[in-house]
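One structure is given here, and the rest of the page talks about it.
Read from first to last, the chains carry the letters A, B, C and D; within each, the first residue is number 1.
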């Protein structure tokens, strides 16, 4: 038996847009699933305003997020288009959507309808708040979930304003949870023979990541203190300003030995033998003072130098990398790889940052043009003859 | 300050007889207390029938148990004798007695009487069952306490008859507990200024040593299994018959490595690699079989040889020593030492098996002849002039 | 349902938590002295105790606990026997046996080998994410709640689940390798794409959005709220209908993307002045009525009472043996599946039943306790 | 009241138990994974668990528990600070610091250094005691209930108490050395004396006495009882009044010591035949009425209901947080002093209060928990 990717042969009908959904189905594609995006010129995907847009309307983010998938163009508001979508869903293992609550039902593609046609279907909703509950109709964006989901008020120190991450975050968190739920549902289908409806809430995915603090608040009747860059185990710990504009180095002193090594590296070994800094409890008590002492030293040096000196002394230290440091690094990690992308020659794309020793990942394929695979998929999945395709096209269902 | 023994200067008035009491006061004497035995020709001490009795009526056991003490002869049934005893008790720090319940009171030497005369007095009763409770009038001997106190039915294996130790045991246990209680009461007197009445029960001292099993029985409503020579942690463990009449060796295999070493020493290394003996759980299950295998080997060899071979292989093993092996051993332990004893030249006696780095033990002195120190003690403690002593003697109070 | 051994730190614990939410039999191998997870605050009832850690109570819910001294021969043996009866081992701790031995013992094993970073802050700095988090003029800051371990844990769960699916389909075991370092870098995807395609260098912006001009957290009467106003045709006008700010309305050109982006700080400042008169609830409910993505900014304590989390069963009442009736966060997967998790096990709570499953007797159990193997 | 640190195994634990019975503040330093004492069966409720061990529950009653990883720097520091505020350290475990350091840290310390034997059975064989225990024709056997450790423990308590007394009187600290090996040998005193004075070699005799002819345990209708008939003038006749055995009465010379000793097995066999028709209670009560030292032979379960132990408060009802209302053995010293002991502490139960006594804050407590120092 030749090893194949884990989800080889799994047919995914992908109704998702923006980021969380497409990110999830890209993971499925990397695992070898046949992901077919249902798109339409009437409703172009709008992931985020990007500085790169190709002539075919594809943004940079689309190219990265939707590579390795196929695209069928179907006008879901057209009766014949909807009929084709129903037939595709009947042939699919998986339908994924991240519309607002009720949209799929209004299109006649609700779970109950599709389940009746295909009892083995796994149907995944990925809306912001889920399709039930008082917030089901709320719309949400990444920043909403960062705020509502608790990230902003658990990040940063006591008395800081809410702090966000200036990047998508919840989309990835939601997409990863969905991907996990999907593979699990596929496995369980092998035992039960039945599909499933996963009405995922991205909000809940976000809250899950701070759930220990929610639990603590539920029992203790107060939110735990925000620690900022400090630790309850290690002291000192912080991100220290270095020489240069907005340059920083993270340092984490995990034991007394490292503390002494730090003070030695700072040229201040007598600090390391002071009783009031001798152990972690004392250092916690005098953290502010210690931070000032450390920063007086780090601010004289480039962060590369701080990092180098501390690491050679066995101290956990990492300078703050910027995006360009990561992307341009000669020893760039396995998280990114170059993929063929005809529109730009090749592009850097995110990989599955994990490897299975037996099952390979699927090779990268370029993001599709809108409707690029309509004919191919309708033949592959449904065996629809060219004649019928021509007719459907003429009726305007495949746009 | 010259170091002195811990209880230097403490005056002990010792009304004890047989073993538990005299053993306790010998410990006090070794700690430096001035122990004065109240004796009388009318009631000679009768510790146990011994093969050695000196012309002055002292048994071997008396000589060992009552060394380092002084003796005053007082007839407690004589009114003047009792008066002297009361004056001694008034001067004493400690009165120790192990009569049956009520005897001291009938002699007019009960706790309430003495306390009124000497509020700082520590008064210690050491009867079999204590001076209160439904068994207060029961008489008891070492074997009674071995049986009633639980030793006999916790020693040995399931279904064995009761098993005793053919030696005094509970007397030592009771005596040691009393000694501890006494030193504690002395220390507390320093803080409180008050004496105390310690109504010790030798029975309770004995039960204390198996109290974990009593507690277990209280909760589990059944006695725990008797393990004999086996262990709940180690297997195999046992006392194995060796070549010769009634020769034995104790072996305790505390881990898998020792098990393999044992089988190698037995010339049977394949046993050590058998899966069904590979770990302690398996060896517990097959303990009977393993014991047979071990004994088939040990019974071919003198126990000295078994011990030697196993110990050189790093296995805990000790041949069964008999009394004479211990006493005659050239490297005899610190538990015994020779002491001057004019009746026999010198004798082997039991020591305090512990050392204090600053406070020395008191030197050994020979056991007293009956009344040997009457005059001396009455002078030392009470300042009674010779004339009064002569008179008391004449009245027959000091016999 | 697979049997899965959980032998790791935070990322592994969240991965196996997800597997437990999904219905698998997860056995956490606990160190008898209590591992770092059990020792991680905050502590329920403010009691620093191995059974009170909030991370332990959340992450170990739905699992069974076997306390095991894997360094003792008997402990290693139990580990081996458990392995023989398990489908997956998810581990970031040093194993008591070599990797090739695992395969000999259990050829069909899914072995997920996770490299978790020891120094959280350093890992975050190294990944590039630190440069995206914090006030522009202040110290950049790590995400709260040790979230980056849990985020890594989802990848661990995904990889394990995929390998279990392959095992299920083909009988083939395999090793899944996941490094926290790689996982963290994937989360800069959006910034990476912008930079790779057009050289845009994303920087941290406090609590404001990067891509969308009108996006971020703002103070209001009783806390903070978030508005995220995607600029589609007609949206700006609808937004002004609501906000009615004369200075903003004085410049109709702000309806255009590029102008919004140029003046985004000015716009946000005006919205701030307007919004601070209202409560979170007023603002968010009115915004949602008008189809603007808005939301409150919640503290963990706020979330305890969230009607959506309660209505969907994400927060579900549990009668906890130690903490009584509490609202317990079931987790995103359990919530979707309608599962309720058992409370986190006490240390070694399932020793007896797991040993019995491995064929050990009651006396064996006692012996193994006495020798300190469990 | 002294503060005493308990840092040892069984013998030390019994010594410090006695000190706790006596009213001292005893702090047991517990290993965070649970030491051998906590792992020693039998287990209450038959549950092999660190809080269920009968030895732990008895020996640690009345003490406080501080869980401490003395190998960590912070743990060693706490140990040191505790030492500075303590009067005695009773230890058989390896110390986290050298002995001379102890004195530097706390010159007035009473340091009781105990050598406990690892291999109980071997220690017993080596001491000579094994040759005195068991059936004459069968395997000699160790005393039950790990009693020889507790017996050693009394010496440890005595030595510690004496040194504390000296400390109290003079302010002088010192080191007390106790070896289990030496202590065990002292218990052969009686046999040693007989041998040393007259060459008599005592051997084991099952459950019969050695010195007294008519002495030992005999079966009766419902178990066993013990008779110990010391031969004083007139006693034999009084005994015969009761027993009324024609074969014994046929030989009036048995009233003499030497004859009793020569025929002791014959006498005991006759008593056996007579006594097996009666119950323990019948025999013992009648014997005591007639002033013969007799007693029942009790199992641990029998002792739970013993009226004397209950009447004197040796067994006292305790409302145990884990096991409910139970009769709890207070101990021989507590019984004499009328003290009631608190239940054995759970592992680390007093961490908070002891750390507070040492000047640590609540946040310190959390940190020390997180880093695994406690």
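We adopt the following convention: a residue touches a chain if its C-beta (ideal position, glycine included) is under 8 Å from a C-beta of that chain, and two chains touch if they have at least 3 such contacts.
Everything quoted here is computed from the prediction, not taken from an experiment.
Across A-D and B-D, it is B-D that has more C-beta pairs touching.
Of all chains, the one whose Cα centroid sits at the greatest distance from that of chain C is B.
Taking each chain's centre as the mean of its C-alpha atoms, chain A lies 64 Å from chain D.
Distance between chain centres (mean CA atoms), chain B to chain D: 12 Å. With centres taken as mean Cα positions, chain D sits 53 Å from chain C.
Between the CA-based centres of chain A and chain B the separation comes to 75 Å, rounded to the whole angstrom. Touching two or more other chains at once are residues 40-41, 43, 46, 366, 368, 370-371 of chain C. With touch defined as above, residues shared between interfaces to two or more other chains in chain B number as follows: 232.
An unclassified topology is adopted by the chain contact network, corresponding to no line, ring, star or complete arrangement. In this structure, the chains touch in the following pairs: A-C, A-D, B-C, B-D, C-D. Residues of chain D touching chain C in their complex: 31-34, 36, 39-41, 43, 46-49, 69, 348, 351-352, 362, 365-366, 368-372. Those residues of chain D that touch chain A in the complex are listed here as 73-74, 77, 360-361, 363-364, 366-368, 370-371.
Residues 232-233, 235, 255-256, 279-281, 284 of chain B are the ones touching chain C in the complex.
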